[in-house]
């Protein structure tokens, strides 16, 4: 069990007045300090990352032919996970909005954790895109000036802009706040608050733009419906806070950083509303596909019931719907004094359900049958799975590396506020 | 607070350096892969010793511009490099043309679904002419065996291999339709695919980053991706090539039917039209009122596939 | 205040996208509009590389919408031309002559009672020529005049370009295949055969 040793960390500080280098060094130290369980956790993550890097090396050498993708299912596990984790990233806004707009004190304590999760999710998204590209070294072709950037025609260019912008916002604002707190200063309001409000709008836009990637293609009738963008938002605001809740539970159980239980109830409320809306939208889509069955509904038939003997996704989607409903109900009817493990089960259930339904439960059926009516199954290859796991481990590591020092800095800052004389300001 | 003011200055550089702190592991992982990859790209493969001339050529090729942005000198230079690379890597003498589109020409295509008997001579001729990958059996053209009474290819069979024609079936061929309002051109984030003035939708293979968004956007399944390096037996490689057409591609780039740009800009028919034993394919200049394609459009009942999507393709179907 | 700015910002994104799409629609003519506007004749001969054809051709006796055109010759493909070498004024007196020389010809043209006989197309008096219903002699190179008597719809299409095939080029002088380039005149229907290629089942 990792035990947060306050005095040990304090003694490890290089020199609190020394600026950026000291800040970074201390962040590194705090990330690498911890008990045996923590080191095992880090080691597992690094091993998975290593396996992912090896598998990617093979993919870079041989080409994407070693994945399970084909000319029909041209987007697979990578883009599915990208789509899902953009939603998780967008969900940081669900903490920022109450914390800054409604000035909710409880949320203010944990907003940095939400931003850390957002940064980790965005890093995963960028990595997923990179491993999915056929020519990742040629990415400079998109830089306007030295390359050609097909903005505003191509929604992918919009996505490049909004994702990187959001990453900058979610990385720089907490960086500034933590940097100030590290130096026992209160962050100056006008320097970061406008960016916080910008990031609220931006969070909605990253997910709508990512939805528009698919929504704007009349070639793919499964995606080409106006509900896709709103559904993305609804499922993001259910799955994202579920992730944040999982992280908060982990922090509550494993560290001594104080997290008020009211935060869990407030998060739970957000999750329930979003999850219910998501289910309503899902039902709406299912009705449209199956009430009047057209050739456009073949994708939905492939997903839910199988088509021409190809039914590899059928068990997945039904499991996803079951998990979705179970998670929603568990959250909706949670007793007032719900334990951490109850909430964790509910969060994992909802997260997994949405991960399936919005990840490969959305991308693969959109591509099957092909525009010429051909049906194939898609099975990710072992390289593909290893690379995906590697990227996921990278994201988890990034989140750990951001949150662990952040917690130290925040608690030190709060201690400092309680005893201003002792810190010699 | 004096301390406060002094501390604020480093923040500006801190903004730049932020990426190192928070994205450390991302950079770590990607830089390892990128370093390995760049080394791999430049030296031509893990473990193999390529000549330094080949490495230099590849290095120069990596940094070139999009074809449309090149001056004629740059085009000549890249053609020279590509021809030299073909000689070094495959021992072949190729001629890569950069022929411009002809003036006042807009190519159009018509397909006679009464006459097509499903022989697939067109498919084979296209594979030979355009140096398509034999290993994955990439085919730009697909022929569907359809039941009469239905036009949707979902009801057709694209994978038949039996004596043709079968009684009571008709045959419909599809390929890239070279839309005037192509969704693939709109979708490409790097403008690696565009419509030339003579109507052909082309891909600059070296510019494509392999995101495959165009493939998701095409409603006709007209585009193909090179998942691995294409394999063509040396004696079957067509050495009369065009930069935007049938020159050798490699893994990670898109490709598609180009109406045989290496042939049509010289006034020749595309390989599929030339190969068809039943004369089901008609090709010509839509802006020439006396052309065969204009005769078909005027005198036959023609239709275009999925016209309601607004893609404005230049490929019509007709019946006798 | 901040909410208002937010709302305004929310509207900016869809407004920009709508604007972009409107511009896209307005800026180009559709294919059919361009075709309708293109009524000036196009000089096919300007495409210089389309000039070389090494096949035997004859000038067609009819014209198409673009004027005169050429047809692939046929006589050079008939191995025993000239027919009058054997078919003089007297009937050849060789036992089983028809079987020996022309035994490979199976007539499968016309169904049942309407099956064609040899002299319905071949001139009885002058075997070097074909003959039409009105007794007019037709050169082998211009067999389309004969075929077109009954098959007038394909002939009209062939003249215009919707039937048959051009030889090699879409530009330059128009050279088309004649009827017998594709259709065996004695058994004109296309045979069944195995396809030249097949398409893979696309799953692993």
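The letters A, B and C name the chains in turn, as written, and every chain counts its residues from 1.
What we mean here is this: a residue touches a chain if its C-beta (ideal position, glycine included) is under 8 Å from a C-beta of that chain, and two chains touch if they have at least 3 such contacts.
Just so we're clear, the structure is a prediction, and the values are computed from it rather than from any experiment.
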| item | value |
| --- | --- |
| Farthest chain (mean CA position) relative to chain B | A |
| Centre-most chain, if every chain is reduced to its averaged C-alpha atoms | B |
| Cα-centroid distance, chain A relative to chain C, in whole angstrom | 60 |
| Centre-to-centre distance between chain B and chain A (centres being mean Cα positions), rounded to whole Å | 35 |
| Intercentroid distance (Cα basis), chain C paired with chain B, Å | 29 |
| Set of chain B residues in contact with two or more other chains | 136, 142, 158-159, 186 |
| Residues of chain A engaged with two or more neighbouring chains | 70-72, 153, 374 |
| Where chain C touches two or more other chains, by residue | 24 |
| Of all residues in chain B, those that touch chain A in their complex | 1, 3-4, 7, 10-11, 13-15, 17-26, 29-30, 32-34, 36-38, 40-41, 45-46, 62, 66, 69, 136, 138, 142, 144, 152-156, 158-159, 174, 183, 186-192, 207-213, 215-221, 224-229, 251-254, 309-310 |
| Chain C to chain B touching residues, read off their complex | 24, 28, 30-31, 34-35, 38-42, 44, 46-50, 64-67, 153-154, 157, 160-166, 168-172, 177, 182, 190, 192-201 |
| Touch list for chain B against partner chain C, complex | 102-106, 108, 110, 112, 115, 117-121, 123-124, 127, 136-137, 139, 142-143, 158-165, 180-181, 186, 264, 266-269, 273-274, 276-279, 282-297, 299-300, 312-314, 318, 320 |
| Chain B partner contacts - residues on chain A that touch it in the complex | 17, 19-20, 23-24, 27, 49, 52-53, 56-57, 60-65, 67, 69-72, 74-75, 119, 123, 126-127, 129-130, 132-139, 141-142, 147-150, 153-157, 160, 171-172, 175-176, 179, 183, 185, 213-214, 217-220, 295, 298, 366-367, 369-374, 390, 394, 397-398, 401-402 |
